[in-house]
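Below: one structure in structure tokens.
We call the chains A, B, C and D, going by the order they appear; numbering starts again at 1 in every chain.
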Amino acid sequence: MSEGVKVEERMSFFRTYVFSIDHKMIAKQYLAIGLFWAIVGGLLAYLLRWQLAYPDTEAPGWGFIGPEFYNMLVTMHGTIMVFFVAMPILLGAFGNFLIPLMVGARDMAFPRLNMLSVWTLALSSLVLLISFFVPGGAASAGWTGYPPLSAKPIYTGVNWGLNLWILALALEFASFLMGGVNFLTTPINLRALGLSMFRLPLLIWMQMTAAILFMLSVGPLIAGAVMLLLDRVAGTSFYLPEGGGDPILWQHLFWFFGHPEVYVILMPGLGIVLEIFPVFSRKPIFGYRPIIYSTIAAAILSFTVWAHHQFISGMDPRLAMPFSITTIIISVPFALMVFAMIATLWGGSISFPTPMLFALGTLAIFLIGGLTGIFNGSAPVDIYIHDTYFVVAHFHYTLFSALFFAGFAGLYFWFPKMFGRMMNEALGKLHFWLTFLLFNAIFIPMFLLGAGGMMRRIANPMQYEFLQPLQPLNAFATIATIFLLLAQLPFVVNFFWSLFAGKVAERNPWHANTLEWSAPSPPPHGNFDTVPVVYRGPYEYSHPSVSEEWLPQDRPTMPTATA
Amino acid sequence: MARERVHPNYVGVWLWLVALLIASVGVTTLPVPTGVALFLIFGMAVVKAVLVALNYMHLKFEHLLIYAMAIVPLVIFFVLWLVLYPDIALH
Amino acid sequence: MAQTHVVATGAEARVASGIATGKMGVWWFLASEIVLFGGLIGAFVMSRLGSGGWSEMAAHLSVPIGTINTFVLLTSSLTMVLAFAAADKGDQRGIRTWLLLTVLLGLTFLIIKGFEWRSEIGAGFTPMASNFWSFYYTMTGLHGLHVLAGVVINFLLFLSALMGLLRGREHRVELAGLYWHFVDVVWIFLFPLLYLSWSKGGH
Amino acid sequence: MFRWLPEMVSTYGGDIDSMMYLIYYIVGAWFLLTYGATALFLILYRRREGRRATYIEGNSLREAAWILVPCLIVLVLDLWIDFRGGEVWAKVKGRVPQSDLGIQVTAKQFNWEMLYPGPDGKFGTGDDLQFENELHVPVNKVIRVTLKSKDVIHSFFLPHLRLKQDAVPGRAIEAWFQATKPGRYEIPCAELCGFGHSGMNGFLIVHPADEYERWVKEHWPSS
């Protein structure tokens, strides 16, 4: 086993911070891109909520919104949150930072490819940013970009904005394809000695599953996006019926990717929770192997559920029930993960620092998201609630939990490892409780609005008699949105204050077992003093044979190592 | 890296590929029903692809994981075909 | 502002699965490419089954030119794999010769394809002429871009072999080869799909 | 939650609503169980001095049964929902029953065009009559709607009748309903269709039998 020659080398500013090939710096670059877009996405959410609560009035700090601009707001809010916040933060930042550290590697398998992938995302972000400022404004055909609406400029009045939207997405896909190659090859090949696949932390399993799902589902959409772009700029008719095309084709290509994409975001989020629960329960995760098997089962099933987005799209109605069955059955593997999380708490010794609160918040929110998914998955119920706020509330409960609750949990948890300092607990707890309560204050009303029949993507609910009595719910959700955005201020303050003035972190401040905690905080380029050797699984907490409550994977003390 | 590697007869494989190419073009001139012709043409395409994959991409000598990486994607896009068929081809 | 780093040169030292790291990376990439072309071909096949008149349009494609081009690409796969065999033996001269031949054959394919496109567009069969032609240009175009990328990669490898930079890194020829053969396999299916399945009527 | 549903006025709406309630009670029970267990464990097993967590891995079948058995129950309930759902789906979206009146609804940016075949019951004849955004139907009759679109995808939504169906350009999609109560109900578009999507709204006017006769007489005096 070659450990590699360590060379002390002075790196220029550019090689250190800009064109770095160090996976940790690349992770921070992803984090920066993701947080930047999170702010933009949040501001868009504020504007679109304002329009819904107080239609056609001046939004404070902005001005008049109106239906055309509103369509752009919802389109870009969705695009940004899914592709430019969730993926960069959950995969780009956490995946990049943690995969090499958790598998005991000095870097990713292909560091230069890794650098190329983050810079491709930066280019993609630039293209998306430019699309806001071209004549006609940014894309406004929904984040799903259904043709014919998206296929001809005259239907939306948006010309270059939508072309650039397609280009930005294509670059984003290219970026994460490159990332995916690293995410898969690194854990498979660069694992430390003794770290078998069934000793890998669950987060690594989740990141690998996410990468596989992404890489094996995005291809048809890339081809489909090329066809959409040709329809727009070259005058072809892939999706235009007047030229012999079929709009439904796009929906299949989109959702064939789009649904696995949901799990691409969800899996790393759940993985973070599965890492944090054992640490603060001081107990092994309950059912390590069953969780892995159900992750694999969910991944396989996720390729067979996509048409549940199309129950009423004019798709052959005989396809509905098979997809309804697979969709509802995919609840079983996720139910297992949730039960395993709850069972981990049983008999534990649970403490509640900020990361654990956010992890518990993820569980609580995701549970509601999962349970309400059963309504959407049932084809007859979907007839009524499809394209209503019920769906909006449902997917915010799943994706917001994975992205923000799990994302914050991960950030508070690994901040000491990333930046070498602890975050402030009081501000963190304030941040959690405000976020948790306000999130529910926004989205519980949306379930009710959805039950009341309020359609998605309408700019003015007051135009409909049957929705007018529901308007107070819209106003309530909007006010809660404003407060939720303000509730992120404690986090921003905490983040920057801790970055420079937080308590200096030791190597293993949470007394956790996985390999990243045996590296210095923050780890230097090359990560470990010596490449670790692994003796056991990742969750050996409160093991009866040792007096401490934790037992790191790389500590050789125990005479009989448990597998 | 293992130096001892088996190299199949690459030129022989190429001869097979060219022969199959000529044969598949030849099928179009045969007086057989469309279904049979299509079956033969695409059957020969599959054989050609398998020959290239097994010999030139030396899948023959690869780890099981590499096989999986080649075959699982085929299964996945086939699922897509299966659903596109009633919805796009038959609508 | 500069920082001191501990630089790891042994990052690729461990190969836990027994599969060379570079090869595994290329295969993961190819796995995603398989789904890409599989999806595109699926869209084409299903659209073709769902609409009429495509056979008459496909009949305008030149089977002899298509056959020659297929032959060129199959042969380039042979030269590529011979470059790999040379690389395996550390035969630098062999690597250079076979890589150059592969590059030239790849270019030949692209040039023939270019002339084919030009004559088709000249005859009024533009990408907008009908959905068959839209698919035809998209599929051959996307494949052509892959060929172009392969030609560039192989040419860069050839240059580095010429400068003696490939010594000790011969496995890169194998990696480029995997990609090149994959592009060949895609064409093996595109050729009958576009050129051959019209002649017997069909749809 | 479902007391927020709009008033239900169709024959199959009750089936859809009862599916919602079935799922509501099932997931409601799971919600209480999981939240209850989590809250209980958080209180019972909070960190206290001198107490150490129990070392349980949950990998053996005996231990894992604590999560596997609930999963089995989830599966059984899932299949129950699926089979009940299959029947309701077939009723609403399966074969259209023998209809009393066929109407062609063509969506365009941003209106619904309702085309009546007239007394001869055939489209494309001289007595066809088109109404903008107004769909007049008799109560308690099976109405067959053929959905088309002139430009982009729209979605024909009858919230009070629990019907939704996309109108896709290039396709003619069949849908049906049978209203059970006279009245005036809205027909919003439920699929983003451009800047006028919000406010694209039509009306379904369900007439009692005699009133519908009068409406027909008024528009087709010759019949």
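Everything that follows uses one rule, which is that a residue touches a chain if its C-beta (ideal position, glycine included) is under 8 Å from a C-beta of that chain, and two chains touch if they have at least 3 such contacts.
Predicted, not measured: the structure shown is a model, and the values here were computed from it.
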{"item": "Pair of chains with maximal C-beta contact number", "value": "A-D"}
{"item": "Furthest chain, CA centroid comparison against chain B", "value": "D"}
{"item": "Chain centre separation (chain A, chain B; CA means) in Å", "value": "37"}
{"item": "Distance between chain centroids, defined by C-alpha means - chain B, chain C (Å)", "value": "15"}
{"item": "Cα-centroid distance, chain A relative to chain C, in whole angstrom", "value": "34"}
{"item": "Residues of chain D whose C-beta touches two or more other chains", "value": "171"}
{"item": "Residue numbers of chain C (touch at least two other chains)", "value": "17, 19, 24, 28, 31-32, 34-35, 38-39, 42-43, 46-47, 50"}
{"item": "Per-residue multi-chain contacts in chain A, two or more chains", "value": "188, 216-217, 219-220, 245-246, 248-249, 256"}
{"item": "Pairs of chains in contact (touch as defined earlier), listed by label", "value": "A-B, A-C, A-D, B-C"}
{"item": "Chain B to chain C touching residues, read off their complex", "value": "1, 3, 5, 7, 10-11, 13-14, 17-18, 21-22, 24-25, 27-29, 32-34, 37-38, 41-42, 44-45, 48-49, 52-53, 55-57, 62-63, 65-66, 69-70, 72-74, 76-78, 80-81, 84-85, 88-91"}
{"item": "Residue ranges of chain D touching chain A (in the complex, touch as defined)", "value": "1-2, 4-6, 15-16, 19-20, 23-24, 26-27, 30-31, 34-35, 37-38, 41-42, 45-48, 51-59, 63-64, 66-68, 70-71, 74-75, 78-79, 81-82, 85-86, 88-89, 92-94, 109, 151-153, 155, 157, 159-160, 162-171, 173, 185-186, 188-199, 201"}
{"item": "Residues on chain B engaged by chain A in the complex (per definition of touch)", "value": "65, 72-73, 76-77, 79-80, 83-84, 86-88, 90-91"}
{"item": "Residues of chain A that touch chain B when the two form their complex", "value": "188, 216-217, 219-220, 246, 248-249, 252, 256, 303-304, 307, 315-316, 318-319"}
{"item": "Interfacial residue positions of chain A with respect to chain D in the complex", "value": "67-68, 70-71, 74, 140-142, 146, 148-149, 155-157, 240-242, 245-248, 281-290, 312-314, 317, 320-321, 324-325, 328-329, 331-332, 335-336, 338-340, 342-352, 360, 363-364, 367-368, 371-372, 374-375, 378-381, 383-384, 386-388, 447-449, 451-453, 455-460, 463-466, 470, 539, 541-544, 549"}
